[in-house]
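Below, each structure is written out as structure tokens.
Look for chain A in each of the two complexes below; its partner is chain B in the first and chain C in the second.
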Partner chain A sequence: MLSLGTLGTAALTLALALAVYAVVAGAIGAIRRDARLQTSARLTALAVFLAATTAVIVMQAALLTDDFSVKYVAEHSRIESPIWVKVVTMWAALEGSVLLWAWLLTAYGAVLAVTAPNTVLRSWSLVVMQVVTIFFLSVVTFAANPFIVLANPPLDGPGANPLLQNHWMMAVHPVLMYLGYVGLTVPFAFAIAALITRRPGTEWMRLTRRWTLFGWGFLTVGIISGGWWSYEVLGWGGYWAWDPVENVSLMPWLTATAFLHSIQVQERRRMLKAWNLLLIVLTFALTLLGTFLIRSGVISSVHAFGDGPVGPFFLAFFIIVTLVSLSLVVWRWDQVRDRADLDAVVSREGAFIGVNVLFLAMTFAVLLGTVFPLFVEATTGSRVTVGAPFFDAITLPVWMLVLLLMGVGPLLPWRRAETQTLRSNLTWMTGALLLALVLGFVFGVRKVYPLITIGLAGWNLASAGLLLAGAIVPRARITGRSLGQVFTQYAFEQKRRFGSMVVHLGVVVIALGIAASGGYRVDQQIRLPYGERVAFQGYELQALRPFSERVAGRNSVGVEVAVFQGNREITVLTPRINRFGTSQMTVPTPSVRYTASHDLYLALAGAVDPQQDFVIIRAVQSPFVTWIWIGGVIMALGTIYAMSPGDRPLRRSVSAEAPAGAET
Partner chain B sequence: MSTRLRRLLPVVAVMAALSGLFVFGLLRGNPDRDIPSAFLGREVPDFDLPVYERFVAEYGPRMRLAEVRGRPMVINFWASWCGPCYDEAPHLQRAWERYGDEVLFIGIQTQDRDAHAAGRAFIERFGLTFPNLFDGDSRVSIAYGLFGVPETFFVHADGTLQHKFAGPVTEAVLSEQIGALRR
Partner chain C sequence: MINQALTTSLVYFILPNEYAQSPDQYDGRRIRLGGLVAPESVRFNDFDLQLTFLVTDGIESYPVQHVGAPPELFRENAGVVIEGSFDSGTFVSDNLLIKHSEVYEAPEDGHIDVEELRRSLQ
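Moving on, here comes the complex of A and B:
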């Protein structure tokens, strides 16, 4: 009988062969302008997707039927695991993750083949998409094949990594990340196509505007969901530790954010052509570099989720992508050179360029901190780690500048700002900043960065108000309609602009959440004797009884802790220690009471021993953490809104009206 | 052309430096794996574990390391869920058949809670005839500092460790290490 493993490898090989054909046919078709070959290449993109889908279905079948003759299943699955765990086990380890990545790439390739408008750029961008697909399919077929058939299949497997089984978010987070990474491959493909076809104008970025937002949005949500997972699972009460695995996800996000802003300068002012091309190349290259760094074992990370022989592949592809892209830029230098110059620094484009510099500086700092241990080891042989203090010290001031610019930028008109209107806007915003500072101080905020963040939140809120007022008030006056009506119309017609305002609002909300929870976290180890009430930050905690729980594939022991406020019992939290399958690894799982003003976070800090009449708990109270997740949702909603169809961009600059509105 | 290239020179330089660093990282390997055992040249920890039923007649219901010492030993840690363990089991059995007169082989099923039935099936499948023990709470694996399974410890007659091998053992490794033990 044909085994699932053989079938899976066959499907992958077929997909690979088809992708090679799509590249050859697409490239020849584009060079010779042969429409039939180009169509053939496009249809092949669909076939590649179908073949890769077959491989994914086979993998799912193997996981769900506990077919331990398939190596990946034998190494990462377990009979007693619940079905959802088996399904998501596909991306719980290296080989399956690469399979998922490759599959999403083929899906995007197929969608692009069907939906991309018929321009000169289409053929070449599809070729680039398929070249990237070939890389990922080769890795999953040759270097990290999950379908290898075992001669001696074991009777059962060890199960997926316990940390990943411990929270449903882990089913979602990797998919979000890959949707983001793969989404950013599309603008990269169009950028390369633009270079090949000598059309580095705005066409490629107009065609990929939604893809860019799509990829960036998923990357944003992916990173924030990763933070939430860390918070809910790792039991240290934090959400970001500047671990290499986090850093490498942040770097492409930083450059993609810079890209998102700087393409607007090119759209409006035909500037920064080469810069934009290089930025998207850098973004794509950084996704490869990140994968290389954490999957090759080159840099040790506290959560290295398995490595394998893929390191050299990713490094080689990273080098090839960078060299080829740079050569293309050099080769097409005459086309990509900017002809316009910056008229004034104080202008919208000036602000965009400023924010680009800030994001790039942060990317560089994060990269430096991440590879520094390797540098030290290469030069001196000793092993060091670069911790959170370095990254905080370097990036926090830059984040403050980002928040500062975020308030000013959208209010500035293109080309050159009028000094008078600018001054009046800045007066309002500075007033709001000072007001927020005073409020923060009155409510007891004394630390520098949280205080500055609160001030800048006021600054940004004032800026958003001025922006809206400038857009709405004059129009309401001219048309004689109510402000509400004009606002609705504005929000509905200016989706892109309104969406970006919502995203910026989300950033402010997240900044406040980070400032409060980072600056004012209370973290204590508490000894809780059973039956006694112990005070903690305005609460009283009472350990009621230990419990143990056994469900499919998981054993838990934990403690029920009643939480009192005054004399009222408000909730019972159940911090526990989970154990999965045969693994000896214990996963301390916190229990959290979420409220708008702060979270109460309890994790077991010691063993639950029935002989003992007390239990040791780690209690964390962090103010406003929830707002980080809420801010993430706001950013996602804003991104979706900005992407939604029906945007009617005004030729006239709205922001130029802002002062008129602001003064009334 | 030359001005273009000159502009890109810093980028290329940074790229080259980074790539060089990464190649170094790749060649260096992963230092977190393959940590030499802390017991090299020293006595390995004692243990006292239940013996699988089919070996009870010959070795008794429990086996204590201190009591069986006196000849060279090959202590192999395995688990029923571990793929590579299935690959190495036939080699171990063959080596046992060949050197069993002089060297004692001990199999220890570990990191495999509540998996008695699976362990029994594993032993029967490969017809293992050297004693196999059950380390139910994995304490022995912790005492021996296991990184994963399988790992094999080659121990002198006096109980000191000659070599620890991580990963599935091959015939070559077995004959080389056992040869050294018998010398």
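Moving on, here comes the complex of A and C:
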């Protein structure tokens, strides 16, 4: 009898076989310049996608029909769970999330096969995409097959990890991350194709500019949504703990951010060819290394969801990718060597290079802190963790420098800055910085990093104002149109430029949110006798009554807490403890009142005992924490805007005349 | 600078008997101490929220001071990992984690396998 499990494995095997054909046909077709073979390989990418889609549909069918003969369903699903939980269970554990990753990869491969312009790079980049696809399909078929058929299926399963079931964000966050990782595979594939075909010019990065932004944008919102998920679920009122899982998601983001900036130097100045190639290789390799680190159990993490046998595969592929890419760069050294030199450090390209160094330094520090426990354990046998103070001590000063450069860089012209304009711009920005510092001080900010961040926010706002003014005012003067009209036209025509300004604004907003919430968080446990009002940070909290509820496989026990401000009841918060199915694990789930100036965050500190006439809660007040999520949305919008079609090509003459408004 | 930041923020994970062997090495620095909550040692004052108990690995035990309510699954013989530092023989904790691992079963006869305990807490 054909079971869903067998069908799923068959679909995966078919996808794998097709991907192997696509690689062989694509490579031979490219070497022999055989157009028919190349076309055949290209169309096969669509077939790979269809076969992988079949596997995903089969997995969803097994989850939704509670087919516990499929091992993955038996281990991670539960009849009682609501439908949305069953759907997202596909990526709630290791095997399923590799399946999702592989499937997204085949989808990108198919889209690329259809949309990539017909150039020499196309065949080879499709080959590279399929090689990566083969790796993921092999892992999911042989090492972590979710479709293994159980001879004696259980009647019900334990359900997905409670921490993941506890919040709808879990339906979204992993998908965003994978869309990001997979998106950055496309520029990687084109970079390798450029090396193979001896065309390490700007063609590969122009062709993948949107893919790079797409992948980077998803990685950005993926990381931020992960922070929001931990804020909403983990109950300690924070959003980032320098946990290994967080660190390995941050590393490729840091290198991808560096890449986004350094490719512009190559586009304009034909410099950094090898650097750009290596950066995108590093970005891709870091996603593999990260997956190895957190999936192999070599590093313990509070949210390492499911160790499995895939670690060695990722490590092996990481080593292969790194060695092959480096060999290619060495082999093509004659082509990738830079012929242009940096004219002056104080120039746009100088700033881009500076910000690259900063991002790479942070990547190195985060990597070091993440893997250091491994070295200590290997050499001394001691089990250690690297605490948050290390990461803060290293990355905070570097972030400050990033913010500093972010203000100056966009104002600098390419090649060499004209000192007079620069001096006047810097005067304005320094003024804004000092003003912001004074304002921050007046409003009671005394801690060093929050204060510097506020100052740098002023610096960046002034910079954005000068940039816009430099671009708009002269044009309005020449054309005689109103500033509003010219601004609209500028924003419409210079999508890439304007989009990047919006993204930078988002970064400033996030920096302020982190500085305020990190520096001025109040976190304490409070005893709340039922019926009495207890003061906390300008609020009064009153525990009303304990409650318990049972919905769709979830048992909750919690307390209703009325929140008063100036004798007026403003809301009732319901911190609770959730239990899912038969799992012993309890999930203390906070209840949050979001406002623009601060969040009030209540979580149960201990058990709710109906015999007791009081309850102990953990109350957290974090200023401006919401602005981190808002900043994330601003960054996403800016990225989408920069990607949208219709960006007018730059006109060099304008940038030479008006350095302050120099275009990209 | 990196090296110094790294060594000062290293947090060692140890069991009570490891502390007993070389207290000087760990005194004054932040560590993660693992062990079981010793039976009949738990005291909680619900007014000043002072929680005290003994943490043991079957060889050595130390008193623990923690401010905050005992977490939901906190009970005798539960595996715990506490973060903080030793202050004249008492461990002052600011972070208390319950390890509800299915690997380690709380001992019935009082005998604790230290290696197994260590593995289950890591």
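Odds and ends about this structure:
Everything below uses one rule, namely that the second predicted complex is superposed on the first by the 652 of 664 C-alpha atoms of A that agree within 3 Å, B and C clash if a C-alpha of one lies under 4 Å from a C-alpha of the other, contacts with A are read in each partner's own complex, and residues count from 1 in each chain.
In the analysis below, contacts are C-beta pairs under 8 Å (C-beta built on N, C-alpha and C of every residue); 3 or more make two chains touch, one makes a residue touch a chain.
Note that the coordinates shown come from a computational prediction; the quantities given were computed from them, not determined experimentally.
In the superposed model, A:594 lies in contact with neither chain B nor chain C. By the document's definition of touching, neither partner reaches A:441: not chain B, not chain C. Once the two complexes are overlaid on the shared chain, A:371 sits against chain B while remaining clear of chain C. In the superposition on chain A, contact of A:150 is made with chain B only, not with chain C. Judged by the touch definition given at the top, the superposed model places A:168 against neither chain B nor chain C. Here chain B and chain C are compared by how many residues of chain A each touches, and B touches more.
In the superposition on chain A, contact of A:71 is made with chain B only, not with chain C. Once both structures are placed on chain A, chain A residues 300, 383, 584 are touched by chain B and, in the other complex, by chain C.
On the chain B side of its complex with chain A, the touching residues are 1, 4-5, 8, 11-12, 15, 18-19, 21-26, 28-33, 79-83, 85-87, 89, 111-115, 118, 121-122, 138, 141-142.
Those residues of chain C that touch chain A in the complex are listed here as 1-2, 5-6, 8-14, 30, 32, 46-47, 49, 67-74, 100, 102, 122.
Residues 300, 365, 368-369, 372, 376, 382-390, 393-394, 525, 527, 577, 584-586, 588, 604-607, 612, 614, 616, 618 of chain A are the ones that touch chain C when the two sit in their complex. Residues 71, 74-75, 78, 150-159, 292-293, 296-300, 307, 311-312, 315, 319, 322-323, 326, 329-330, 333, 371, 374-375, 377-378, 383, 581-584 of chain A are the ones touching chain B in the complex.
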